[in-house]
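Okay, so chain A shows up in both of these, paired with chain B first and chain C after.
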Partner chain A sequence: MAAAAGSRGFGLGRPGWRARADVVRTVFVARIKIITRYKGAILMEALLPIVFAAMPVLLGTTVASQQGVDPGAVFCENTMVSGRCTTNFRLYMLIGASTFTVVSLMLWLIGYWVRREQETGTLESLALAPARRIWVLAGVTTYAFVRAMIAFVIAIALGSLIFQVNPFERGVATALAFLALGLLPLWGLSFMFGAFIMKIKEADSVIQVLQWVLAFLMGVFYPITLLPPIMQGVAGLFPPTVMTDAVRASILDISYFYGSAYGSLAVLFAMALIVPLLGYEVFEVTERRLRRKEGVGHY
Partner chain B sequence: MHRGVGLSRFDLRNRAISFWDMSKKKIVEFSRYPVAFVALFVQIFLIIAMFLFASLAFTPGGRASPAAGQQALGATVVYGFIVGLFLSFTLWEIGFSIREEQTRGTLESLYLSPASKVSSLVARVFAILLWSGAMAVMAIVFVGAVVGGLPTANVGLALLVLLFSISGFLGMGFIFAGVTIKLKETAQLLVNGLQFFFMIFSAQFFPFAALRQVSPLIVDGVSKWLPVSYCVDAFRSLLIGAEPELGLGMGAEILIVVAFGIVSPIVGYWIYKRLERGARIAGTLGEY
Partner chain C sequence: MNLAARFPSAIGHACAITLNTESPVNDAFMEPIIRVEGLSKSFVTKERKKGKKGKRTVHALKDVNLEVYEGENFGLLGPNGAGKTTLIKCLTTLLLPSSGTAWVNGYNIEESEDLVRASLGCMLMGDRGLYWKLTGRENLDYFGALYHVPREVRRKRMEELIALLKLEEFADRTVETYSSGQKMLLAFAKALVNDAPILFFDEPTVTMDVPTARELRRIVRSLNKEQGKTIVYTTHLMHEAEELCDRVAIIDHGQIIALGTPNELKSSLVHEDAVHLEGVFPAPTVDRLRGIRGVRNVVVQAESSGRSTVAVLCDNSRLLLPRIIEAVTGNGASLEYIKPKEVTLEDVFIARTGRSLAVDTREVVKEAGKDGGGRG
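Let's turn to the complex of A and B:
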């Protein structure tokens, strides 16, 4: 990638906008080409949220039926906030699991990208390329975003057929707007995560544990109002939680964690402004420190 | 080898020593990555907590529901999860470890050593299975603390069922080790798929009644044909002290699990040897 960027004539000159866009495109195309060699991975990513949603649906249905009550009614009663709830627990789980897949994939793909480059010994050469890191990262995150969205769309479409739910009844445009806005802080989180992996190196275990922390905090299977108050506070400051909650609230017409759609929009907007800048800063600082010490390619 | 195998034949003592050496190598490797160990531990609690929260959302009265209901629910989740934990680690660890050796370029040289191949395969998963056992105990304690105690009837028999189940899973792990040699990176996708398949169709996180509610055909046409389902059902039912759900009776289920535990490693190893031989003939054993 570095070589490709270099060959396009940066020389001693500063890359202009066209060259920067070219870096993003080159990195993006390279990643896409790699993943096309593993088509099964995309299918598996799309099936993951369906399997993930199926488990609580099956568990919950049995629990409720054993007590002789309607699972939808019990779910509605137990998850009611400000007098609003939904009986459509299948769609609730499917949306939660699908947005979780987007979040998890974004972090996973960035973390693994950093680790792979370290392992294959190309991260250091990448640091020597004249292209600024932000454009390389933009290429990788765009690829992660596209891959995550493919999984999301397939999961929602296929999951809706399997669970026999209709996600297009209401609020789709609002949900998509929240999803789009929520992806910006997610970008920032991905940068931070990449920096973290670069520093601690043990990508596998960290990614695995983090994805469950995410699932727990995001309230993939339950509203975060079910969590203890302190954890609710922590979860509410976490951008993917706000995104999942808002997407679900707009489609299922249930209450928003921050009171209203405008409340959640304001919080998510603030996060969209702060987190990407903070994330990139964290990435740059970590990288700079590592370069001064053992170097970024230390495996 | 360094203990003087030379040209002599491997006796039982040598086999035991080489097995311990190979297992020790994995333990040393694990000890170099303490974050991974802690991460695994944390992960287990998070998964269980998440499913418990999810199921509480369907329990009339939620967290204020009667303790007996919560205990039955917690037992169903955690006992199924324990079997799933061993299955998942066995499936993942052997194949993943082979893949790592391929990536590092050490697999081919390893195959030139006179050490037993079965030992080499089992040693890859031995340490993680011991750790899984510890995690299983901690998971039971954790869920027990959350729901106010778990039923623990027939512990001895349940442990025997678990032992044969693990032996059966090892056979599946051997097959996937062979598949990894053949398919390389793609094998991990297959393992992933298989893991999800068993999670759902062997009812690891919910009772089989849930699948029957969706369609009786799922249980009769799929679950009942999977030995893993009997491992889950027998282990869970024994500990809860209830009748097994798959309808064969406890005696028959235990027999199936024992047969699975004996036959699966033999068949699995035979398949592994065939795949490995194919790779050696084709010269692709260490190919990355």
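Let's turn to the complex of A and C:
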């Protein structure tokens, strides 16, 4: 076999950390540039959790005031777990809606990214390049993470003003640690979701359905201990549920689903180790199967 | 394979190799840089006929064997649906073969996918595969990073490509504002961004105006002759293939039916002449032509408003000309133009397949249009 003539091309050597980081950075920057060229997109999605939380908050407040009872007390009574509850139902809802938005946005952005790239032919262009898929996905998930966090921070700040609650009274550092740890398995879930979209080639309806399943499993507006035991077991294995529960428990000083902060930390840590690897494997296997059958560019 | 021995400069670098602008030219193609062995690819496709669903296995490639030599400009000819894009997709690792295998730049397409990809620059999807919300320059930077071209080298390379392809005027505009031709030029630049030794071009001139297409062909020639790049060029434009390619493979129904230099292929029809006729020819005329002893094939190449162009391949056109004229006159036929002509690759295609490439391509496109399909 011949040696290559003239230039041998780039990437024939094993790419080092700088080349990999360059891929992650370039993909991330390109995604950010693209979204900022659609005016108002980032700001609008930050309003989602506020609207989402406002529905049960207003409903609960109205019903309670009609019955002449304190809505906080009713909420506390209905959501009591292990003798602990909170009367700050507004903050409870706001945190739930905001973490839900982070999860929903991450999945939506990855799913939509795969679909869009399929339709425009850029997924094939990516498949032609020697950069490993994991670094491209790392760039995209980092972008999705940044975008989701922007929405989260704006929603918490603006929502706190609107609902007149203070999320910074206690446990903020612990809550942020849980949020950061919870995002790692979320990356893995995003990879799996991306693989699923790549296979079924229809993002919109799946995302719409999944959002409501997510909201149900995550216990956005209620503790999952209110669910039947089997559903509790399923929900407890879903990383975003553990993340939401732990963030809320640390800020509102209520009980953790896994008994204590350490219990939730251990579970989330295990998920952070396993789920991203599993997600990447699922993505690779799906892509390889598609290449065996029809190619990744079919849409 | 000992990579360190083969690519000494590629091993141990954090990013990649530096840009090598030396341009050795290989006059003789001695060693295969692409080798295809018994490659087959089948797809199961879903069909919906009259409300009934069914599945059908399409054999897009059937036991293809091929060698492309280093420094060669190799043409793949065939109508749409012949299997040339499937072959290219297998060679570029976009598709996995059903059986058989191939080596590109010494690397197996299934075992060393990343190294195969790093060896290639590809323009396969026309103006698709670009980010429309990014500028031309940003697109080049993006894909340069995916090919592990170091940032400093990338910047220099981008400027060179922008100058070479005269993209200055629109390189800083978002791609959504480009014309089709401009998008094709950018897609072409994208294929060159990693300075790969092997370039795949799938109908690169398809939406370009004549001067731009001519300029692009000039650049392709220069990449091949002056920089020693190996080029695999697919087209259904015979004149492009004749103009550019050192060797040509004609592919039809997933099989290579002819392979050689354009001259070899044409001289394979040395005992055959081609006579082209234009006029109004009722259906029996073609049968009468086929009935003449010494006529090997008759193909209706184009039809519009009742007028046809007919190619007659025969043993000796001078000898047969009176009988051909006799066959196409009278009985409602009207001969407007007749010309014995030099054998072209189009004639080779006709001789091998019994069809005209131009007509075949139009019919496939028409069918795709009916089905709501498109080029992809």
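Going forward, the second predicted complex is superposed on the first by the 288 of 299 C-alpha atoms of A that agree within 3 Å, B and C clash if a C-alpha of one lies under 4 Å from a C-alpha of the other, contacts with A are read in each partner's own complex, and residues count from 1 in each chain.
Heads up, the rule we're going with is that contacts are C-beta pairs under 8 Å (C-beta built on N, C-alpha and C of every residue); 3 or more make two chains touch, one makes a residue touch a chain.
Computed from a prediction, not measured in an experiment: that's the story for all the values here.
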Fit-or-clash call for chain B and chain C when the two complexes are aligned on chain A: fit
Which of chain B and chain C A:V209 touches, first, second, both or neither: first
Touched partner set for A:W17, first chain B, second chain C, both or neither: second
Chain B versus chain C as contact partner of A:K33, first or second or both or neither: second
Chain B versus chain C as contact partner of A:E169, first or second or both or neither: neither
Partner chain in contact with A:K293 - chain B first, chain C second, else both or neither: second
Touching partner for A:A131 - first (chain B), second (chain C), both, neither: second
Partner chain(s) touched by A:N78 [first = chain B, second = chain C, both, neither]: first
Partner chain(s) touched by A:T61 [first = chain B, second = chain C, both, neither]: first
Minimum distance between Cα atoms of chain B and chain C in the superposition (Å): 8
Contacts on chain A seen with chain B and repeated with chain C across the two complexes: 38
Chain A - residues contacting chain C, complex: 1-19, 22-23, 25-27, 30, 33-34, 37-38, 120-122, 124-132, 136, 288, 291-297
In the complex with chain B, residue positions of chain A that touch it: 38, 40-41, 44, 47-48, 51, 54-56, 58-67, 69, 71, 74-75, 77-79, 89, 200, 202, 204-206, 208-209, 212-213, 215-216, 220-222, 226-227
Residue ranges of chain B in contact with chain A within the complex: 33, 35-36, 39-40, 42-43, 46-47, 49-51, 53-60, 62, 69, 73, 76-77, 185-186, 189-190, 192-193, 196, 199-200, 203, 205-207, 209-211, 213-214
Complex interface listing, chain C residues touching chain A: 3, 6-7, 9-17, 19-24, 26, 30-33, 35, 43-44, 69-71, 89, 92-96, 103, 105-106, 114-115, 117-122, 124-125, 128-134, 138, 141-143, 145-151, 153, 174, 190, 194-198, 227-230, 376
